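What follows is one structure encoded as structure tokens, with my remarks underneath.
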């Protein structure tokens, strides 16, 4: 049991490092978050500012959508800040301080980020993307009574029982809502239809299918083939080959990875299988999915839509889109270099946040949650006409309706659907 | 029957993707004796150069050539500026240095092009043809033909040229190679350059299918490593055959073994690789070497 | 014409370790201990979470260091054991097992799995072995999704447990910190004694040269199986700690990327070094946090650059920093230090903190050739 | 006319000096031995000549100062170092090892002739010409190392502990071949050898090193005549 000088120095190093960690923290138990601030207000809010935070994947495989959940929100917030700030229900106008962190889709990192943000004194945690990451954060948000709201995940967990989880709300339609919309469209056709399903092997794919099955139960719609995939698969050729053997009328492709979805579209037609296609809202962007995938070859391509595509010529004259593009160029493009629909979703989410602020009568988290849960029939920017935000239901996300649209290869945009 | 053949054909076209990177791994292993995690990062960086050029209107073939040149220079510079520092030290440190390069290159690619996958134009027509009820894409055929050419080229390089012999000697024992007047540092630079240039070819071949993104090859690298190691690490032919085996085994298992299913089909080639390695540690095509004291 | 020359000078000597350095060691150790005991009492829940996370990954790295640093076998599968340990613990908690049982099984089951894999694979060397370990997380992720009755599937499992006993007056984060700190302390002490003993010597011999090990009566196969089993057990144990700290587990816990990051952190801390392992964990947890402070949308760029920079300056890991500084100082003073202090860092990874035993020279080179 | 001349050569690893002012002269076609105990600096002297350690002092080869040149440069000038531990390239075949030895040569026909000469010199290697070097026995590897060095057509060969770990009869065969090389190919030799009997079968004179310094120098006959040397190195 001898120690060499190296051990001594290394030991001293550890000691120094540990002390440094303590000093960096610089705060004592007294300052910890959770409770009320000095004057009855919650942490993270003063008379002229409020701070919110988000943790999303900003590097790694899910960083494309992850960056967009931050960039769109940043664009809305910073544009509004520059425009004077946010009006609050208590009569004050506040600037929003926006902090974002990278969690690489790692739950442990997300928990660490959430704790860091609350430690820095954020008022609310808004818009984070990712099912496992948000699932890990949820119990802590509840325990600390920090709002974890308007999450960019369609998993039901975050929306289906808001009495049990009073501090958590989802923003985008649940995956089940989207699946249900497809099912309803097919049932309405009132004839025998065969369906092949391809779903991601996780809650995204599963709840998509669940929604679809709920809507089609007992109808003439029959699922004749189904396959799953892992997000890490390099191609889905074999799954498509398997499904093509069924020669079903419809392919429900609940695939959330851009290149894989394109691969599905190209592979099916290359096998001479031309079903009608149902695509989820997050992988149906014309420019990056439908055109590269040769979607015009199929009799019809349907997708649930609730937001405007800022790159579509159809919306070039739209005021919302012009405001979005200006704000995004200025404040969002540094964060997300490439477009996914999550960019517009999180931009709309900024407007919902503003609406909640406007209804907030006291500078407290409780008041914020009450205001946030009382928004109905709100037309947020970048949402399609007729798609409104309704947060009053305690088992649905803030956006609970979707409109099915049909790809129009001629214009490169979407057209309304009048039946299957 | 045609379904079975179709599944095999699909497997082969997957295998071609793994093989493209596996060949680059074999090359760098033969040239430097290292397993290089940065391989994928260098390939992606070079492919992004081709991507930027095609977006500016340059034809794909020309963009590919530019990417190969860029890859070669990048690889040689990284060897000269970074890896040389670690070549004489602990091999674990050198491997972690390649991990650092991978992270850095991924971050740099993302800095310029973002993380979201983007479409990449194909060298080959985006069509399929039908033979006896089986559909084959020109892209797969083209990819496989290029890979076979690369494989033969590598085999010739290593077996029949002085440069190849010298590169193998340096990978085996740099210090001793220097004693035979081999210009060790230049050969290592050339080895890294060639591996990164080949990575550019691999990247341009697979990008139309996988879409270009900074992480495009992260998971392919895992398959490619499996293929390279199963093939014996030193054998280009072995790497290609092993990659084809992995692609086909995975697809057949997914299609025919219900217990396995689509979710666990990835386990089949990896379990097979484990079993094969336990039985035959030198890999399918590796030469058996009995080391004596 | 034969010429006699001057007699040889005295050989260079190693400076004797003074009482002062021993005292310094004791002081440093005491300081660390005090900081680690007092810190959670005055720190925010966030800091305590970070400190506890460091403990978690320190134990995972400790396992990795046993197999990789001390025994020289590349393992790319440590995250699989971490995940398995976390899942077993979660299952235990959700089924009301006694915590001691969860703790035990979280180490024993991964150890058994690790041993089975090693029994099949330990005859392999180098990359073939790396390949097999790499397959573990690759296969583990879909397996975890498949058996959702046990694992909670892709949604993962929220497990709220280890609440502080009210009698102690501690907050949950403090209590959890102390629990994992005690486990980490015990694990570190056990491994420290292990690597300094007979088994540690056999690890080092196998790392140095398997053929020589055989000639000295050490079975490389059995040694590697043992090292791998210990590494897996520690991986599983860190899974228990992970669940204690994060209170959640999902297939993301065992992804391959975590294994790669652990390997990087191990080398960054210091291969075959106990102190280095702790420093590696510090690096593993803190660098992403620091990268986030700089710019959250450039984390890959930043952490890659930091990793490379550290490797450049300290190829033998953070643990070699004091030695480096000492050498700088002595070089500036123009004095020569003892040879053992100046051996190339990168070339002597087994002697980073003096705890690795010396490897006897191969038998063949000491054979007396005199007729 | 001297082929190789060391003048006050010192060498160090990091901060540790292991050679202190070693000097000797090797004439054209000469053969000299370096003797001494373990750690006396014999191997380091060879490494200093071929440029594998940091060196001060002066090393002149064929009239040219080569101090500080790296191993690939000294090798290109005609110094062939057969290192301790043989340094064969395990993953390459016997023939490939020989071709690596001839890397700098352009005379392809003569290379083929020389490969054949090596295989005559070491008939064991001819049988294993296609096998990986790692699969050879220790003796065969040593033969291959010597043959590979010869393939470079060197002016001088630095031979480091060629008998290490070999059975006496195998060591004898290696040294017989070395003697033949010296005679038939006019290769000068610097021989480091623990076994002085073997060394003196090749060398004309020798230098005895002690802790990095020259302790004795003299012709083989002189040294063999000294009791101290015989006791220390010849077991008598």
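Letters A, B, C and D mark the chains as written, and numbering starts fresh at 1 in each.
Keep in mind that, in the parts below, contacts are C-beta pairs under 8 Å (C-beta built on N, C-alpha and C of every residue); 3 or more make two chains touch, one makes a residue touch a chain.
Since the model is a prediction, treat every value here as computed from it, not as a measurement.
Counting only chains that touch, the fewest steps needed to get from chain B to chain D is 1. Greatest centre-to-centre distance from chain C is found for D, with centres as Cα means. By number of C-beta pairs in contact, A-C leads over the other of A-C and B-C. Remark: chain A and chain D have CA centroids separated by 71 Å (rounded to whole angstrom).
Chain A and chain C have Cα centroids separated by 37 Å.
Distance from the chain C centre to the chain D centre is 44 Å, each centre being the mean of its Cα atoms. As a whole-number value, the distance joining the C-alpha centres of chain B and chain C reads 31 Å. Looking at chain B, residues 106-107, 110, 261, 263, 266, 291-293 sit in touch with two or more other chains.
Of all residues in chain A, those touching 2 or more other chains are 59-60, 67, 201, 230, 232, listed in ascending order.
In chain C, the residues that reach two or more other chains under the touch definition are 142, 145, 299-300, 344, 364. Contact residues on chain B toward chain D in their complex (touch as defined above): 162, 165-166, 168-169, 171-173, 175-184, 234, 287-293.
Per the touch definition, chain A reaches chain C in the complex via residues 2-15, 17-19, 21-22, 25, 27-29, 31-33, 58-60, 67, 70, 100-102, 104-109, 111-113, 115-116, 118-119, 131-132, 135-136, 138-140, 155, 157, 201-203, 206, 230, 232, 334-335. Of all residues in chain B, only 35, 37, 82, 85-86, 88-90, 92-93, 95-97, 99-108, 110-111, 214, 222, 225-226, 229-230, 233, 261, 263-264, 266-267, 270-271, 273-274, 277-278, 281, 283, 291-293 touch chain C in the complex they form.
Residues 59-61, 63-68, 201, 227-230, 232-235, 237-239, 241-242, 245, 257-259, 262-263, 266, 270-272, 288, 292, 294, 336-340 of chain A touch chain B in their complex.
On the chain B side of its complex with chain A, the touching residues are 3, 6-7, 10-11, 13-14, 17-18, 106-107, 110, 112-119, 126-128, 130, 135, 137, 209-211, 213, 215, 218-220, 223, 250-251, 254-255, 261-263, 265-266.
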